[in-house]
């Protein structure tokens, strides 16, 4: 029951947090900024509309939003939000989930290519490339976690017998993981310095350019999917930074969401203070994250 | 009377030289059939030996005889049309010399006396020289000159080798009459020093004839200049005869306890031949030379197999049989190609499959066979030799063997592929003809048959052959 | 004795120790009561052979030939399937042997591993045969088609027999028949220079591989003294590593492991598509079969074996997918993906071997099971993709990715099935590719608990597997996106239409198989473990674990589908009564877009390929813009395989140069020829006297 | 007896040296005639052939006739029929050839010395002579351009082998086979070579082996 409640809250509240980022950025720029609920308004607006489809597109174009959104929902089902035992969990679920996210990306990219637009193709190529590199970091993290806990599921990582924590054995290595995971988060969710969601020039976009032709509820599904994805990564980071006792039940929620907000604020801060990288520097950035984790994993040979 | 086997073709050959040309071809075919019949009778044990001092019925000799006779029959059928179409049918030289050639080769297979063997091999050189010169071109002349000169020198050395072997009897002061049968019996008492020297000269001498590198130099010239039926006979039968000479002496060496010495020499020559053949097969511009170098390679394989001994020995004997069948088939197919396109230059030939589909079949099948792929027998023989090489503890040689084989394969595959499948516009001069198509098919079929089913008489013969020098090998 | 040999010789012959040729100890010396499965199996093979031979007789009636051959072959394969399942309980009952050439025995025995490898053979081959019915459409080539059928069926039979060969000569025989028949299949379009080059290359690699395999036979035989595989385990441990490496390289050249894969990207585009499907889907797996079989019969537990296999697997996987990205020919691209998938399969096998060496039954079991299941999966989706590519090539006349586009609308069935195949080969859930990759991952994570080299290797393996997966999906978004989506880039692509039912039905069936394995993974994982049932080396399989893993994967993929279904429903609801309009693609301000401004496959892949620069050779030619009003500019780039480049520039050219110098030997000067003879004498005499 | 033998052998050695130094073909053929005669004569004077029957005697007479007269005459006829434009044309010069001949003799002595124990006693000089003759034959074949000189070189090689064959080996187990074979070989060989020579001359207008250099790789 607790699990269901927690997942319900997550599914509903996910669009809230990107608003925080926007707010932070606006404040930094000395502006007032949009309301916190801006993303909800956007979604509602989109849902009310109809769609315009390019005559070039096929069913694949419609499949993109569907699969990516489904992937986002799926992963949250397996995640111990606020250290509440997840709805579903099994040994090896992390592999399934990351691959499902990859499926989502596959279809998003295919949908982008379906339009036949050169800009969308360009964006798709970048998305696919950086995503692949980020996958290496993620699996390096999984290796490290397996070395630490012997588990292969989110549930086990945070609510299992030997949960991951900074204070546990070889917990110091988690500092490296936190940095790396944050970098992955930025990459996977197309944030500055990898991508700038607010840019206006299609040539420099990555994620945004891919969804140029989507409109109406389709676009809403895409947005929703990306909110869930961002939410997942942020939650993942939250639980590493601030491990919670599963016994706490729903009481963990406030702490969890507090830290979560902090992470979103950090993202906003990064976006406000950093310029985006030159496109050719991005691979190095992502690679740096995976090297960090691999380094950490190798260090476990000394600890464990 | 066993001697009939070589006397018959010699006599008919001499007769053919005298009779009018149109009878010559008939005599050729009839003699070929009779010879084959006699061979079969000899295999059935119906022909006793008359001059036991000089001739005997050895298993290895009988194998070579059978192969020779069979190939000759096919070649005789083939040359019925071939000689007519090449415009060489007027002379009696071809049928006459072919028959004499057959006669001398049969004599080699039956000879038991080293000197008789030597005389017979020398005689093959002399009677086959006119065959190479048949085209009367400058190149043919050059090839003949080189053939006669180099082979004569080689054969002279072989004679010297025979003398040294005889000397080894003298020095050991054994009172026997000279023959391989007796040599085998007293092998252990012979003087090893002179025996070794003798073997060296015999290997070099008969090796010249057999086409072992570096004495192979005449072979590509002669094979490429001779008319194709003659090349087929040279490659398919003559080389075996020369091999027989080496083999018999190797047997003596083995029985004298010097098997390792002679074996190593054979391995060395074998590998060198394979390598040299590989060098020239790669990017070879002339397909008849290609086939000739391939013969050198295969002789190398046989020498290698014999040198290795044991399992490989069985493989070597099998290889000899199958190589004869396949290579002569290939030469006959090459004859068809040569007739059709009137060129020996590989680069000028392409698209056999389009112009000569039937010849393509035999030509390419021959290539598949010679490359050691099933269903042709060379597959088994090479497998045997390779396994034998490892089994007897010659891993380095085995690796060199494999590399050389690969080199040859790399060269041959390219050429055969391009000739068979390449695209090139041609004017076809002479069409395919049943009489020129069936013999190569029969030869290939024989190889396939022997790969699937081997008559037990033949198997026994091979086993008897190798028993003598494979004695210490066990599974 | 009928030889007229002198009596004394005869006596010596009798006393000579008889040459014993190690006759293999027959596996089925015991009386075989149940002959039925074997008879059915032989019947199936006979039918397939008949199906191959018939066209040679009836080739004058083109349609009849095709129908007859395909029909008989299909029935034969189904019979084969039936015989496998009827003998499933007791594979050993399916054994037979014939004496061969007085020396050998042609012996065939089956075990669970053979059965598993028979599955793809009997599954893919009939589908490919059906497909060929419409693929071969030119009646003037009827003889050639008939010959192609003949060799196809020989190939099928020889592959089936490879899985069953019980001793070395038998194996060598069927192996070589397999090689040569597939060579002829590659040569189908022999008029093309590229085809001939491909055939040549294939022939060379096949034979080189065969020689290595024979060499390993030789080493085994020299120690065990028997041709029988069953005796191979008795050879000394120290030799096993060498034997295995020889065999590994030999089989590797067939399977297409890096750097012995060079023939593969040439042969697959050259062959007709259904042949590529059989070769890539089934035949190269025989190489994997050989590696596994050798490993199991040797019973070697040296960890270095597993490490070698794993390292080769990682390299093949990574570089295979990388080169696939750089290739523009759709079939060549697929061929490189075969290299990649062989890499994944080998990683599974390598992890399994390391597991065996560590005594870890879970790691061993899952590694090998992943390997086997990926063999099956790859055979399904790779043949699906090749069939799809074949349909595209047949309908558009081009195989260059950048000249296609927009085919999803014109060839809907091909497009959809190709999409399924693409997702499967990228290893994405809920399709079959993921299931086997999951098993490999599982084995690899098991390996993390060890230390030092094992840990390091498994870590690299996991990360490589992740990167391979990412790059594969990158590559297949490229293929799907450029070929099937967007606008047609050429007129040919615009005019393309769907192939006939005989082409689409096999693709649909294969796509269905991809989904079925993805949604019902449990029984197929069990099947893979069943394939290992007769392998005693692996230790006890934890059946409970296997079952739970299967159930969990099933849960994952079904849940995912359910969520997608749910989202679809929501979407339907949201769109109810909404206005949907069509318009052109947003051109970002360009007002006159043409199909040519679309992103090409080359540019799509360029950034990734660049990233891996030292391992990929990129050659560019560019005409720079110079004047103020330039007329034309041109840019081409191509990605070269480093193994191929090394083979050409590092091995072939220097070798050819040296050999060309050596040709001096035959200079035509008779005096020096005589000199050679003298030198030979002198050398030998020196050897003798010194 | 021994002295005569030794003298013959010395003369043979001398003929070898002369043949290496001679610059004219006619001279060379004459030298060959002498050498052939002496080589066939030698076995008759050897001790272990003293018990030779009448058949053997006839055989050796035939041998002398062939080697000493028939073959030189054949060669002479061949020489006359082909118009020789230039003389021997050495690849290796005459002085160098002579020097090489000396070295060959030295080496032969050395080899014979090495083989001392293995040879029937008292016949070292025969072995020396035989080896020298053979080597010189090879030398002529390699060191001269004209095809006819190669035939002569071949004959010299045969002479050397004949020496070993008849002089060293006990007679009873050969039953004239050796002699018969040699004779046949020699006759037919020279005939065939003569025919080819004739043809070569006909086709190329010369018998220079440089012209025979078309077949190569």
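The chains carry the letters A, B, C and D, assigned in the order they are written, with residues numbered from 1 in each.
Here, a residue touches a chain if its C-beta (ideal position, glycine included) is under 8 Å from a C-beta of that chain, and two chains touch if they have at least 3 such contacts.
The structure displayed is predicted, hence computed values, not measured ones.
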| item | value |
| --- | --- |
| Fewest hops from chain B to chain D - one hop per pair of touching chains | 1 |
| Shortest walk length in steps over touching chains, chain A through to chain B | 2 |
| Chain at the geometric heart of the assembly (C-alpha centres) | C |
| Rounded Å distance between chain B and chain C, as computed from the means of their C-alpha atoms | 41 |
| Chain centre separation in whole Å, for chain C relative to chain A (CA means) | 37 |
| Geometric centre distance via CA averages, chain D-chain C, whole Å | 67 |
| Mean-CA-position distance for chain D and chain A (Å) | 98 |
| Per-residue overlap in chain C, given as positions that touch at least 2 other chains | 663, 665-666, 670, 674 |
| For chain D, residues that touch 2 or more chains besides their own | 138, 141, 150, 212-215, 217 |
| Multi-chain contact sites of chain B, meaning residues that touch two or more partners | 145-146, 149, 153, 220, 280 |
| All chain pairs that touch each other | A-C, B-C, B-D, C-D |
| Touching residues on chain A, where the partner in the complex is chain C | 47, 49-58, 60, 62, 65-67, 69-71, 73-74, 77, 88, 90-93, 95-96, 99-100, 102-103, 105-106, 109-110, 112-122, 124-126, 128-129, 131-133, 135-136, 138-140, 142-143, 146-147, 150, 152, 202, 212-213, 216-218, 220-221, 283, 290, 294, 297-298, 301 |
| List of chain B residues in touch with chain C within their complex | 2, 44-45, 48-49, 56-59, 62, 145-146, 149-150, 153-154, 157, 181, 184-185, 196-197, 200-201, 203-204, 208, 214-215, 217-218, 220, 265, 276, 278-280, 282-283, 310-311, 314, 353, 368, 371-375, 379-380, 382-383, 386-393, 395, 398-399, 402, 405-406, 409-410, 413-414, 417-418, 421-423, 451, 453-454, 456, 459, 461, 463-464, 466-468, 470-475 |
| Residue ranges of chain D touching chain B (in the complex, touch as defined) | 118, 120, 134, 138, 141, 147, 150, 154, 157-158, 161, 164-165, 168-170, 172-175, 177-178, 180-182, 184-185, 188-189, 192-193, 196, 199-200, 203-204, 212-215, 217 |
| Sites on chain C touched by chain A in the complex | 405-406, 408-409, 415, 419, 423, 426-429, 434, 438, 441-442, 445, 448-449, 451-452, 455-456, 459, 462-463, 465-467, 469-471, 473-474, 476-477, 480-482, 485-487, 548-549, 552-553, 555-556, 559-560, 563-564, 566-568, 571, 574-575, 578-588, 593, 595, 597-599, 603-608, 611 |
| Contact footprint of chain B on chain C as seen in their complex | 1-6, 8-9, 12-13, 16-23, 101-103, 168-169, 172-173, 176-177, 179-180, 187, 190-191, 193, 196, 199-200, 203-204, 207-208, 211-212, 214-215, 217-219, 221-222, 225-226, 656, 659-660, 662-663, 665-666, 670, 673-674, 676-677, 679-681, 684-685, 688 |
